[in-house]
Structures are given as structure tokens and as C-alpha cells.
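Here come two complexes built around subunit A, the first alongside subunit B, the second alongside subunit C.
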Partner chain A sequence: MEPLIGMGVLALMGAAATVAGASEDLESDVGSQSNPNSQVQLAPQMMYPHRIYNKAISGEPPSNALMCAVGGTVATVLMSAYNMSPVFAIAMGALIAALVHGTYSVTAFFGRPTSQKRFKQPVYLDILWSHTPVIMGYSYITTFCILVISYLMVAVLGHPFPLPLLAFIWGIAIGAVGSSTGDVHYGAEREFQSVEFGAGLNAANSGNIVRKGESGLRNGFDNSWFCAKFGGPVTGIAFGMVVFLSGWVTTVFDPARGDAIGWLSVVAGAFLVFIMILWNRKIEVAARAAYGPYKEDEVAA
Partner chain B sequence: MSAGGPGGEAHGGVAPGKMIAFGVLGGLIGIYAAHFLSIINPAFSFIGALGAICAIVWGADAVRRVCSYGLGTGVPSIGMIALGMGVIASLFGLAVGGIAGPIVALIAASIIGLVIGLLANKVLGMNIPIMEKSMVEIGGAGALAIVGLSTTMAGTFMFDEVLALVVAPGYIAVIFIAGGMGILHPFNACLGPDEEQDRTLAVAFEKGGIAMIIAGIVSMVVSTTAAIPTIMIGAFIWYISFAKFYELTKRDAYKVLGTGLLPTEEELQ
Partner chain C sequence: MIDIAGILMENISYVLLITLGGMLISFSVHFVPVGGAPAAMAQATGIGTGTVQLAAGAGLTGLITAGTVMQVSDSLPLIIAAGAVGAMIMMSVTMIVGTWVYVYGVGVPPASAKVKYDPITKDRQDLYVSQGTEGHGLPTVSYVSGVIGGLLGGGGGALVYYALMSAGLDTGIAMANLVGLASVFAVGIFFVNAVIPSYNIGGTIEGFHDPKFKKWPKAVFSSLIATFMCALVAVLTIGGL
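So, the complex of A and B:
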């Protein structure tokens, strides 16, 4: 393939990945999933009942892997058995995936608060009816974009893996990136907005999440509104970079052109990782300098 | 602090022995019935997914029993390991076992489960009393779920057909994750000190129904005659079990409210 076409496809994949990353993170924020959800789960136990969606489907990687694998499977069946156009098949796959994801969200929403009966956490149906369609909408966008990436890899870049398997792997990857990048913004900055910036989570604050909103009682929409300002976009950039850079090294240094060039792609990948380690370190040091030092741990006498 | 409840033996409900019998017998009968009856008419391939549902419900119950020992965030991991064991064991079983493939897969998964259970307890020192037994059960359930859904998709459990129709096109990925989530999600969704077995297993049936619908969609590639009954029966099981789950939610919840403010301080005392 022409290197220029390869780069164009890669750019398209990177753009789709950026959108997918942002929607994945906001989807997990509306419903409250993954690490920050442990505080939502703990809150009623500590006498802080709340009106926040408790979407404990599983960790983000398995739940995203499920919706992407379901989408990839349905799209492949429609393309192979009924010769449908890829765009229509991918759209239908993403629709079925969003429906499946919606049912998983609903069972988690009902299940967790119900199992907290002794802590008097009510199940609010208006939260279910208002939040679940939004969760499904975000999951549709995520699945659609992941399927676009997987389809381009199979159809244009000639990846040997079948579409459902690639979608499954990218589903795990986007869940992992969303969980590690976006969760901090929701979990630390939003749930514990009332504590000093950079204070960490003191054990005494466990479960004491912010339950009152800018207007009325806080819910998942307030959280996604907040996270859409930084956590979502930064997750999108992170996942976009994962997709773009991991493809870039083998597009520029195509292993098909010889073993030596294949090894160069490995070296280029290692070099990028090294640069990013240094870059991350500089960001962390700059953030500490700008926002004050962490409080020193008190050493027990 | 465990968010997963008191951290002890799971209580109440149907005894583990009955659940094992339900999973093993239901799973194997479903798989064999689907295999032999599909020769007469492909429409019977849906029975394999019914077997997979039995295995998923059994696996979800085993996850519930072992995770009641305070494995809050470990629930998804255990579900994934179930299907990890299941994939290896089922491909091995179907490859070497011929007509006895599903039984070989079940035995192989049980052996892998036992080894993992021993490693978890003896080497990692988790010291959960029922760890070995539960891992054997979870591995077996994972293997039967995979073989059952594969049989519905391919119309047979013969290795060559399964390899060509399920593994090579990548549908094994959706079996892996839909089966795994069916086993791990019910307890993860109902985690908490007031969890009840019947409510958790209602979710397992419901997730089994979703896995069946997806298996039906895939079986369209082989035969529409097989796909239609599978999708329709899957949807029926999904609806019945979801309605049951909502009914049990209303039974068990502190309150199910249309909307409302938070409970007052006095109410919380």
C-alpha cells in the first residue's frame, strides 16, 4: 500500500479513537463505573445515601470488550451473511451493542442499591429512566468508533485478525485507557470536590462523596458535565495517541519491507515510550510545583 | 473495608449440590441434544444455548459462593479466569474428544480449575475455604458455556466445524466475553450485604438469554432456520427473567421510588 494512504487511514483511525475515548469516559461517568464507583457503593454504608447511578457492570475493560465484541459480531454477520454495506452493518452492530449495554447497566443499577437495604439506600426510578438512554447513547458512539477502527484495520491495512476479535481487543484497550486516564478526574476531582486539591483520599472521607449539586441533588449528568471539560477529552487524546502511535511505527517502518525495517519499528516504539515517560515525569513535577507540595506523611514516633 | 458485604459464607437458597447438578446435567444434555437433533433439523440447535444458560447460572452461583468471602473487586477477575480456563479446556476437549468432546472439555476445565484453586490458596495464600472447589466449578461452567454457545452457532460441536464457523471468524471472542459476563456480572451487579441468591440468579438467567440471542444472530451465517428459534427463545427467556428480577428488586429494596429526596437523618437512624 502507498505509505501516504496508510498514513491517511491511520489519521482517520486516530480521529475515531479520540472520539471513542472521550465518549467511553463520559459513559462511565454518567453511570459511575470502575474505580470511582467503589466510593458510590460505599457511601450509603457510611450513612451518605445518594442519587447517583451505580453502574457496577464490571470493570471498564470487560464491559467495553462486551459491547465492542457484540457490535463486531453483529456487523460481521450482516456483512458476511447478507452482504450489507459496512457502514450500515457497523451502525446496526453498534445499535445492538448499545441495547445489550443498556440491559447490563439496568441490572447493575437495580442490583447494587437493592443489596444495600440495611443502609436505607432507595432505588430512584427517575434516575434509571433519565440516565440509561444517555449511557446507551455514549456506548453507541464508542462502539461505532471502535468498529470503524477495527474495520479499517481489516479491510484497508490487511490485519490478519477477524473483525470481532479486533473489536474485542480494542474494547479491552479502550476500557483500560478510560479506566486509568479518565477515572482520576471523576473519582478524585469530582466525587471529592469538597476536599483540598491534591489531598488524596483520607480514610475518614471514605464514602463521603459530594451529593449535592450546583442545583438540587447531584446525579450522573452533573458528573458528566464536569468531566466533559477535561477528563473526557484527555481520555480521548490518550486513546487516540495509543491507536495512532502504535499504528504509526509500523506504517512508517513497515515490517513487510524487510526484517531490518521491522526491528526499526520496535526501536521507534521503544523510543516513543521513553519520550513519554520523560514527558509524564515533567508534567508531574510541574503540577507539584504549581499547585503546592503534597503534605508530608507524618512518621509515627 | 469490604464494600462487598460481611465477608463470609454465602447464605440461603438452593444448595450448591443442586446447582452443580443443574449446571452439569443441563449443560451436557443441552449440548448433546443440540448436536444430535440438529442433524434432523437445524432448528434444534437452540438447545445448545439452553445448556449454556444452565452452565452460566451454575457458574454465577459458584462465583457468588466464592466471592462472598469479601472478593469485592475480584469478581470480574474471577469471571474472566472462568472463561480463560473454559476456552483452553473446550478447544482441547473438542479437538481430542470427538463425540466425547464436551465431557473431556468439562474434565479438563475441572483439572485446570483445581490447579488454579490450589495455586490461589496454597501459593498466593488467599485462604478461602471453598476456593479449590469453586474454581473447579467455575472452570467447568465456563467450558460448558463455551461449548454450548459454539454448538448453537455451528449446529455441531465437531472440532473442524467449530474451528471454521466459530473460532476462525472471531465469534469465539463474543462467546468468551458474553459467557464470562454472564457468569461474573450477576454477583457483581447484586453485590452487597443484602444480596439474595434468587435475585442474583435471575440476573444470570437474563444474561444467559442475551448470550443466547447473540448466538442466534451468529447462527444466521449457518442457517436462518437455526437462528429464528434461538433468537426468539432467547428473547423470551430474557423477558421472563428480567421481569422476575424486577419483581425481586421490588421485594428486596429498601424503597423503589419514582423520584424523591434523600432519606432524612431521622430515617437513617
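So, the complex of A and C:
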């Protein structure tokens, strides 16, 4: 394939991945999923009942992998058995996946707050009616973008894996990226805004999540509004970088042109990793100067 | 009638390669700095997600890169290196963006609670651990450890995929079906070996400097047995077609 076409397709995949990453993180914020949800779950037990949508269907990677694999399978069936256009097939696949995800969200929502009846946690039906369509909307965007990436890899870049499997793998990867990056903004900052900025969460404050919103009582929308300013976009950048950089090394240094070029792609990838190690170190030094130390050195004192 | 013994003897080298790949994956998971739910609240050092989740996310990204390269090359070292690089990129990107969130979004410096000095940078750690936490963020040693985890996990996954593909090449099965079958088995074997070490890790590990890291031989030995059984089933399925 022409290198320029390959780069163009890769840029499109990177853009789709960026949108997918952002929507994946915001979906997990508005519906409260993954690790930060442990605090939402804990709050009523510490006598802090709340109006936050509580659904942790599973860890984010399996939940997203399920969505994307369902969407990928539906899209493949529509394309191969019914000769439908890829755009229609992908849109239908994403729609079915969003419906499946919505079903799991509703059952998870009913399951979790009702199990906390003894702690006087109400089941707010208005939260269910208002939040579930938004959760499904975000999951539709995520699945659609992942299916676009997988379809481009199979149809244009000629990747050997079947489309549903690629969608499954990217679903696992986007869930892993989302729960590692954007969720920390939700868990460590948004849920505990009452705690002073510039330190980790003291274990003594566990469960004492902020329950008052900018206006009225806080709900999942408020959390997604806040995280859309930082956590969501950086998750998008992270997943966009994963898709773009992992494809970039083999597109620029195409192993099809010989093993020597293939080894160059390995060197290029290792070089990128090395730059990121240095970058992390630079941020670490700046952060230590900005926030710490928290204690005095006993020997020096 | 399928000649089970014949198929196994014919593919015994691939069974061993798959087993080796599984052991590499199991070993690699111990390097990945994960803090589970506490890390998502900046209460523990490492990335705020689960062991299996992140190791699988990185390793499977490596599998995609390895699949791309294996399509055009039959050089085993190159395929393994491609898998390793794919996983390293995924891990590095996730960790650098995780650092952005910890430093700029939450406002904590990376700090380890398991060692007084970072073994790589020699920076003092305990003074930078905020009150009531077990460390937070990704100090350089954890970051480098995560990259090594990606390298070994991606390489191990690629090795498993290479062996499964090679076992099926002579059977005459259509290439698309073989790739589908081999990749699904590779993903399955990856998950088996990502789960086994999580019993050692118990939710949080900071990297190779963490005392829990020393438990790795137990997990790798368990993986040897589990992957060998998986490899027998996989090779029989693919080789018997």
C-alpha cells in the first residue's frame, strides 16, 4: 500500500480512537463504573446516601470488550450475510451494543442501591430514567468508533484478525486505558473535591464523597460535566496515541519491505518508549518541587 | 479418527513454545505497577486499575502488532519484538497519561511507599507520600518496571500466537480460519496467565522493587502447568483440523 494512504488511514483511526477514548471515560463517569465506584458503593454504608448513578457492571475492559464484540459481530453478519454497506452495518452493530449495554446498566443500577436498603439508600427512578439514555449514547459513540478502527484495519490495512476479534481486543485496551487514566480524575479529584488539592486521599476519608452539586444534589451528569474538562479528553489522547503509535511504527517502517525495515520499526517503537520514560521523569521532578515534601526529614530535623 | 499421539509428537516443539510464552506472560504481570481501586483515589502507588485488566490490555495490543508483522514475515525474533514493542507502547502511553492525571488533575507527586529511595533515580520517596496513603502516582522505578512488563508480556503473547499459527500451517485449513482460531486461543491463553499472578499480587504491586515481586516463581510454575494443558488442547484442536 502507498505509505501516504496508510498514514491517512492511520490518522483517521487515531481520530476515531481519540473520540472513543473520551466517550468511554465519560460513560464510566456518568454511570460511575470501575474502581472509583467503590467509593460510591461504600458511601451509603458510611451513612452518606447519595443521588449518583451506581452501576459497576464489571471492570471497564470486560464491559467494553463485550460491547465492542457484540457490535463487531452484528456488523460482520450484516456485511457478509446481507451485503449491507459498512457504514450501515457498523451503525447497526453499535446500536445493538448500546441496547445490550443499556440493559446491563439498568440491571446493575437496580441491583446495587437495592442491596443497600439497610443503609437507607433510596433507589431514585428519575436518576435511572435520565441517566440510562446518556450512558447508552456514550456507549454507542465508543462502540461506533472502535468498529470504525477495526473495520479500517481489516478492510484497508489488511490486518489478518477477524473484525469481531479486533473489536474485542480494542475493547479490552480502551477499557484498560480508560480505567487507568480518566477514572483517576473522577475517583481522586471529583469524588473528593472537599479535600484540599495537592495530596492523595487519606484512607480516613473513604466513603465521604461529595454529594452536593454546583446546583442542588450531585448526580452522574455533574460528574461527567466536570470530568469532560480533563479526564475525558486525556483518556481520548491516551487511546488515540495507543492506536496511532502502535500502528505508526509498522506503517512508516513497513515489515513487508524486508526484515531489516521490520527491525527499524522495533527500534522506532523502543525510541518512542524511551522518550516517554524521560518525559515521565521530567514531570516527576516538577511535581516533587510543586507539591512535596509532606513530612520533614527526621534526621535533618 | 484423530491420531492424538501423532499430532502431539509432530507439534511438541510448538507445545513447548506456547508453554514458554505463557510463563513469560505470567512473569511479566509481576512487573506491571497496579494499585487497583486505592490507586484510583491516589491512595496507593501504581496505575488505578486491576492487574489482569492492564496486563491484558497491553499484551493484546502487542498481539495486534505481532499479527500485522507475522502476515509479512516468518522471522520469529522479529514477530516477538513487534509484539513486545506494541505492548510497551500501550503501557508507556497509559502510564504517561496516568502521570498527567495524577500530577495535573489530582495534584500529587509520584511516590513509592515500599522503598525509601527510588532504586533508579535515588530520589527520597517516603517524604513525598501524603498522609493516610500508601504512595501515589508512578515514580520512575514503577514506570520502567511497567515498560519491562509490557516487553515480556507482549513478547510472550506473540510467541504463543506464532506457535499456534505454525502448528496449523501444514493442515491445509483456510488461512482466515486459522488466524481466527489461533488468535482466539492466544487471547485465551493470555488471560489464563494474566489471572494466575494476580493471586500473588493481591490487588496492588509497585513493580520489581516491591517485596511481593519475589513471589514470582510460584506463579510462573503454576503457569507452566496451566499453559502446558492449554497448549495440548490448542495444538490438538488446530493440528487435528
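Rule of thumb we're sticking to: the second predicted complex is superposed on the first by the 286 of 301 C-alpha atoms of A that agree within 3 Å, B and C clash if a C-alpha of one lies under 4 Å from a C-alpha of the other, contacts with A are read in each partner's own complex, and residues count from 1 in each chain.
The definition used in the following text is that a contact is a pair of C-beta atoms (placed from the backbone, for glycine too) under 8 Å apart; a residue touches a chain by one contact, two chains touch by 3 or more.
This one's a predicted model, so the numbers in the text were calculated from it and none came from an experiment.
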item: Which partner, subunit B or subunit C, touches more subunit A residues; value: C
item: Partner chain(s) touched by A:Gly59 [first = subunit B, second = subunit C, both, neither]; value: both
item: Which superposed partner A:Val77 touches (first subunit B, second subunit C, both, neither); value: first
item: Partner chain in contact with A:Phe161 - subunit B first, subunit C second, else both or neither; value: both
item: Which superposed partner A:Leu272 touches (first subunit B, second subunit C, both, neither); value: second
item: Which superposed partner A:Ser38 touches (first subunit B, second subunit C, both, neither); value: both
item: First (subunit B), second (subunit C), both or neither touched by A:Gly175; value: second
item: Partner chain in contact with A:Phe110 - subunit B first, subunit C second, else both or neither; value: first
item: Which of subunit B and subunit C A:Trp263 touches, first, second, both or neither; value: second
item: Intersection of subunit A interface sets (partners subunit B, subunit C); value: 38, 59, 161-162, 165-166, 168, 206
item: Subunit B residues within the subunit A interface of the complex; value: 1, 3, 5, 72-73, 75-76, 79-80, 168-174, 176-178, 180-181, 184-186, 188-196, 199-200, 203, 206-207, 210, 214, 217-218, 220-221, 238, 242, 245-246, 249, 252-263, 267-268
item: Residue ranges of subunit A in contact with subunit C within the complex; value: 34-36, 38-39, 59-61, 153, 157-162, 165-166, 168-169, 172-173, 175-177, 179-185, 187-189, 191-192, 197-206, 230-231, 234-235, 237-238, 241-242, 245-246, 249-250, 254-256, 259, 262-263, 265-266, 269-270, 272-273, 276-277, 279-281, 283-284, 286-288, 290-297
item: Contacting residues of subunit A [partner subunit B, same complex]; value: 38, 41-42, 45, 47, 49-51, 56-59, 62-63, 65-66, 69-70, 72-74, 76-77, 80-82, 96, 100, 103-104, 107-108, 110-126, 161-168, 171, 206, 211, 217
item: Contact set on subunit C toward subunit A in their complex; value: 36-37, 39-43, 47-50, 53-54, 56-58, 60-61, 63-65, 67-73, 75, 78, 81-82, 84-86, 88-90, 92-111, 121, 123-124, 126-133, 135-140, 143-144, 147, 175-176, 179-180, 183-184, 187
